[in-house]
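Structures are listed in the sections that come next.
Shared between the two complexes below is subunit A, which pairs with subunit B and subunit C, respectively.
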Partner chain A sequence: MERQPRGLAGVTLPFIAPVHVMVLGVIVIPSLFVIWLSFQSSTFGQSARFVGWDNYVRVLSDPYFWRALLNTVLVIAAAVHIEMLIGLGMALLFSAGLPMRRLLLVVVLAPYAISEVTAVAMWRFLFDPDVGPVTAAIAWLGLPALDWTFVPAHGLILVGLLTIWLHLPFTFIILYAARLAVPKELYEAGRTDGASLWQLFRHVTLPMLAPAILIAMLFRYIFAFRLFSEVWLMTQGGPARTTEVVAVYLYLEAFRYNSFGSAAATAWIMVAISLLLATGYIWRLKKETSHAA
Partner chain B sequence: MRLERLLIGLGKMVAVILIVLWSVFPIAFVVLSSFKPGRDIFAVPPKFVFTPTFAHYLNLWERWGGFFDGLRNSLIVTVGAALLAVTASSLAGFIYSRHQSRFPAGSIFFLICIRLIPPIVVTLPLFPMVNWLGLNDTHLVLIVLYATFFVSLGTVLMRTFIDQIPRELDEAATIDGASQLTLLVRVILPLAAPGMIAVAVFVVVYAWNEFLFAFIFTATKAKTAPFVLSEMISSVDGVDWGVLFAAATVQLIPVLLFVIVMNRFLVAGLTAGATKG
Partner chain C sequence: MTSTLNRRRFLAAASAGASALAFGGRALAQEKTINALSHLVHQNVLTKGAAGDVIAPWREAQKAKISWTTLDSNPLQDRLFREASLNATEFNVGYVIDNRMTADVAKLFEPLDAMQKADPIEAFDDLAPGLVKAMTVKDKLVGIPVRHATQALFYNEALLKEAGIAAPPKTLEELVEQAKKLTFTSAAGTPVTGMVLASDLAVFPVMFARAFGGDFITLDFKLMPDREAMQKGLAVLADLLASKALPRSYATTRNDDMVTWMQQGRAAFCVLPFARYAQLNNADQSQFAGKIKAVAFPGSATVSGGAGMSAVVESWAMAIPANAKDKELAWSFIKAVSSKAVTLGMARNGNGPVRISTYADAGFAASQPLAAIESEVLAKARPAFPAFPEAVRAQSVFLEEVQLAVLGRKTPAEAVKAIAERVQPLLPA
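Entry: the complex of A and B
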C-alpha cells in the first residue's frame, strides 16, 4: 500500500463514483424527498402545501392501515418462522448425507428462479376453488377447503405458503452453508463423550448455527415486510380491503387514491419498521466493519 | 439397531420425496399442462400421460403477441441491468478491497444499510420525476432501477471475491507501471470472474422476474414479460389457463435453466452476501 503513487484519491474516486451516484440518485435522495413529501398535502400534479404531522395522523388513524399492518405481521411471523424450521430441518438432512446431494440441491434451488408472477399463476390454478388439483386433493383427504377467494384468513394463508415456497431456497442455502462450516471435530468430540443425537443438536449444532439463523431470519423479516406482488396478484387486497399488506396499502394510497402525502407517510413508517427490524443486524455489522477497518 | 437404521433410511426417503414434490411439482405441473389438450388440464386426478399439443403456444402467438414483445423487453432490460450492475460493482469492489484504509468504515456500511429501504418507497418521488424527464415506459428506467437495487450487494460481493486475490499480483503490476484501471481489467477481473458471475446471476434473476417496478414505470412500449403475464392472470374475460401456462413456461424455462447451470455461483453469492452484508 505504501508504494502506491500519491494523489490516489483522485484516481480512486472515478471507480467508486458510479455506485454512489446510482445509490444516491435512485435510493437515498428519493427516500429523503419522501420525508419532505410526508409533511405535505400533495396529489399528483398539484402544488404541495405543508401540513405538519397530518399525513401521519391520517394513516395511523386509518383502520385499513392497521388491518394491513396486522396482516403483514401475521404473514411474516408465520411464514418466516415456518421457513426457518423447514430450512433448518433440510440443512440437517442434507448434511447427514443424502444420495445425489448435488442434484437435490439444484432441485431445492428451483423456486428461486421463479417470478412471483409466474408463481402466482401456478398457485392460483393449483388452489382454484373449482378446478384446482390441490383443492381436489384437500377435499379427497377430507380436510377443510381453502376458500381463499372469499375468506380473508385463507387468502393470507395461501400468500404465506407462496412466500415460503419462493424464499425457502434462500433460507436453506444460508443454513446449509453454516452447517457445513461447523468443524467435524466438534461432533466427534461430542460422540466420544457419549452425547446423544439430541444433545449434539442442542449443544453443538444449534449454538454453532445461531448466528446464521439470526442473519437469515433478519433478512427474511426485512424482505418479507416488502411483500407486494404475491398479494396484489393473488387477491388485490380484497375482498373489501381485508387482505391488504402495508406495501399494497401504500400503492393504493399513492396510485389509486392519488394521496401522495399519506403514501409518503406510510413509506416512512415502513422504513422505520424495517430499520427497527434490522437494528440487531446493523449493530452486529457495525462491530464487524469497524473491527475490519 | 438394524430396525432403527431401516427406519431412519425410510424417514430420509420420505423427507426427500416431500422436498422434491414441494419444490418441483408446481413448476412441472405448469410446464406439463402447457402441452396438454384443453380438457386434460382440468382432469382430476391430474393426467401425466396425454397427447402433447402445441395448441396453447399457437394461441399465445396469435392472441397475445404482446407477450413476445414483453419477452424482448425483459431480455433488453435484464442484459442492460446485469452489465451496468457488474461494471459498477466491480469498479467499487476493487477500490474497497484494495484501498480499504482510505475509506471510513462508514462508506461500505452505508451501502449495506441502503439494502434496508423497501423499493416501493422510492417509487413515490421517482414516478413524477421519471414522467417529467420523459423516461417513463423506457428500458432505461428499469435498467437503472434494477442495477441500483443490486449494486450495494454487488459491491460487497466483489470486495469479498477480490479480497481473496493475493496483493503481490497488484504490486508486480504497479511496479511495471500499470494504471489502476489496467490493473483491474488485466489482472484482477480475470481472477475475480466467479464474483462477477455471482453478481450477474443475482441481477439476471431479479431483472427477468421483477414485477413492481415494471408495473409502475412501464405501460406499453417497455412492458416486461412478467407484467404481461400479470395481465393474463387478471384478464377480464376469464383466464385461459392453457395459454397462461404456455406463457408461464416460456417465461420460466430460460431463467430456470440459467439458475441450474449457475447454481454454484448462486450458492457462493448467497452465502457470501448473507454473511458479509
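Entry: the complex of A and C
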C-alpha cells in the first residue's frame, strides 16, 4: 500500500531541523545575547548591570569611534571600487583569451588561499621602511616613499592596497564567471551591427554583468566593513590610534579593556552601518532582478 | 560487497563511538594532568635551557603530566579571565601579570592563604616581598610570584667599540650622546640606529621619566607626581627620533622587533628585561652573540642620585581559578615551581628569579654575568603602574599621547597635559 504524505512538518522538519538548530545556536542566540549585553555594564569579576542606552551613547559620543568609522569607510570605499575596476578588467582580459590561462588563473587566485596573518607578515617585510625590498625598489625608481609607519594616510593606503591584493580574487572570480556566461551570440549580433569594442562593452557586457557586479560589491562592502587583521597586524591602529578601524575599536573595547557592554553596542552599531551601506546595492539588485523577471 | 548506511547502522556506529570515547576518557583520566595556561616563556624556563627540565622530578613524583596552553600576554590574560568566569574550567593553573590583578579579577581566583598555611611553600619569606604584595588583594593571597622582568639597558659592545666608545653610558645624557654617535653605517655596511624602543608598552617612556625622577602612576595612585620630569623624558625621546637615533618606525615597533634589531646589529641600544640576555646572545639567532651586554638604565645627571633610579619591573604569578578542578594538584604544582631548587633552575634557564636567595647562589652568580647587576636593580625597581580596573585603558591613553609627543605632533608639555586630563578620571576614586 502506498504511503500517504504526512504533510510538510512531518516529512521535511526532521531533515531541516539540524540546520535550524545550528542557525539558532550559532547565530540567533549569540546575537540576542549580544543585544542583551549591549544594554549592560559588564566586565570580568562583576555581575552584569542594566545601564539602558548608556553604552550606545558612550560609543557614539566617542571621537575615536567616529575616526575609526571614517577610516573604515575611506578604506573600504576605495578598496571595493578599485577591486571592482581591476577585477572587471582582469575578467575581460581572461575571457578575451590569454596564453597560459590556467596557470595565470592560479596566480591570480593565489592570494585568496593565503591566510591574512601570513599575508600581513609578508607585506610588513616587503614594505619595511628600512630594509623592505619594495621600499628599496620605490626609492630606486625615484618615487615618493610610502612612509606608512609615520604618516597615518600612508598607513591607510598600505592597508587598502593589502586588502585589495587579498580580496581581488573574490571579485575577479565572480565577474569572470558572469562574463563567461554572457552568450557569444550577443557579441556576434553587435559586431554584425557594426558596434565598436567600447559600444559592445557599454551595451552588452556591462548590462549583462550588472547583477554580478552588484552582488560582488554588496558582499565586499559587508566583508570589508569587518576589516581587522590587515590593520591590527600592520599598524595596530597606530601611530596614536590614527589608523584605527571600527573592528579594531571593537576589539580593544572587548579584549583589551574588557568593557563587554560597549563592545557589544559597537558590534550592533557596525551591523546597522553595514546594512545602511548595503541598502543602496540591495535596492538596485532588487530592481535588476525584478526587471530580469 | 556494498554497504549502505541506514538509520540502524548509523545509530549503532554512533553508540559504539560514544562508548569508546567514554571508556577511553576514563582510561586517560587515570593519569593526573595539570592544565596550565601561560606564556610560552613560562613553559620554556621550566622545561628547557642550561638547567634542563626542572619540573620533571615533580611530574614523576606526582605521576602527573603538564598540558600547556600558551598565548601572548594580552590574549593570555583575556583567556584566563574568561575561563575563570565560567561555571567550571579545565585549567588548574593560570599565569597572571601583576598589574592585571584588580579587586574584581581577584574574585575569580582561589585565595591561597589556607593552602599556604596547611601545606606551605618552602621558605616563603624568601620570595621578593614587593612581588608577593602585588598578589595580595584585600588581604588575600591570590597568586604566587614566579617571574619578574626588570628592565635593563642593553648595548652592542662591538658597535660601541667600532664607534670609538669605550664604555656604556653612566648618565642619561651620555646615553643620548652615544645613541646619536651610534646612528651610522657600520663597517659591515649595516645602517645602525642608536636606539630601538617598542611603542606599545608604558615601560619605556616610564623609564625615561624616572631617569628625571618622575613617574606615570605611583603605587598610591598619584598620576605623574612630577610633570616636568615626564616632559623631560618625552623631550629626550622626541629628540632621539628627530635626530634619527630612534627609528622613524617607532610607532609600529614591538618588543620582538627590538630583539631582532639588536641581534642583527641594526640598533646599538635597547631597553629589555635582563632575562632577555640569553636570547639576545643566542648564537643560533644573533649575529652578535656574546657581544650584547647590559647595564642598569642610567638616570639623568641633572637629578641628584640619578644613577640610582628605579627601573620598571613587571612580574608574573601563578594563580588557581576559583572554578578549577583538582586544586590540590594545582597547589602541589605551584609549590614545586616555587621551591628553591626549581626557582634556581628556572633562573639558569633564563627566568627572572623571584627568590632573593637565588641571586646569592654562587653557582648561579658565576653562570649568569648579569646576576649581580640585576639583583641590584631589582632591589630598587617598582612596577610602571599599579593594578586598577581601568589600568589597561590608562596605559593606552598614556601611550597614545607619548607617541604624539615623540613623533612631534604635540609638544611634550601638551602631551603631559593631555595625559593628566584623560587618565585622571580613569583612576580609582
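Throughout what follows, the second predicted complex is superposed on the first by the 263 of 293 C-alpha atoms of A that agree within 3 Å, B and C clash if a C-alpha of one lies under 4 Å from a C-alpha of the other, contacts with A are read in each partner's own complex, and residues count from 1 in each chain.
We adopt the following convention: a contact is a pair of C-beta atoms (placed from the backbone, for glycine too) under 8 Å apart; a residue touches a chain by one contact, two chains touch by 3 or more.
Please read all numbers here as calculations on a predicted model, not as lab measurements.
Of the two partner chains placed by superposition, only subunit C is touched by A:256; subunit B is not. When both complexes are overlaid on chain A, the residue A:241 reaches subunit C alone and has no touch with subunit B. When the shared chain is aligned, subunit B comes close enough to touch A:106, but subunit C does not. After overlaying the two complexes on the shared chain, residue contacts for A:129 are found with subunit C alone; subunit B is out of touch. In the superposition on chain A, A:143 makes contact with neither subunit B nor subunit C.
After overlaying the two complexes on the shared chain, residue contacts for A:120 are found with subunit B alone; subunit C is out of touch. Between subunit B and subunit C, it is B that contacts the larger number of residues in subunit A. Shared contact residues of subunit A, touching subunit B in one structure and subunit C in the other: 44, 236, 255. For subunit A in complex with subunit C, the residues that touch the partner chain are 43-46, 128-130, 147, 149-150, 234-236, 238-241, 252, 255-258. Considering their complex, residues 1, 3-4, 8-9, 11-12, 14-16, 18-20, 22-23, 25-28, 30-31, 33-34, 37, 44, 89-90, 93, 96, 98, 104-126, 131, 133, 136-137, 165, 168, 170, 173-174, 177, 212, 215-216, 219, 222, 225-226, 228-229, 233, 236, 247, 250-251, 254-255, 260, 263-264, 267-268, 270-271, 274-275, 278, 282, 285-286, 289-290, 292-293 of subunit A touch subunit B. The part of subunit C that touches subunit A in the complex is made up of residues 74-75, 78, 81-82, 84-85, 102-108, 191, 199-200, 247-252, 266, 389-390, 392-393, 396, 400-401, 403-404, 407, 409. If you check the complex, the residues on subunit B that touch subunit A are 12, 15-16, 19-20, 22-24, 26-27, 29-30, 33, 42, 44-46, 87-89, 91-92, 94-96, 99-105, 107-109, 111-114, 116-129, 144-145, 147-149, 151-152, 155, 171, 174-175, 179-180, 184, 205, 208-212, 216, 226-227, 229-230, 232-234, 239, 241, 244-245, 248, 251-252, 255-256, 258-260, 263, 266-267, 270-271, 274-275, 277.
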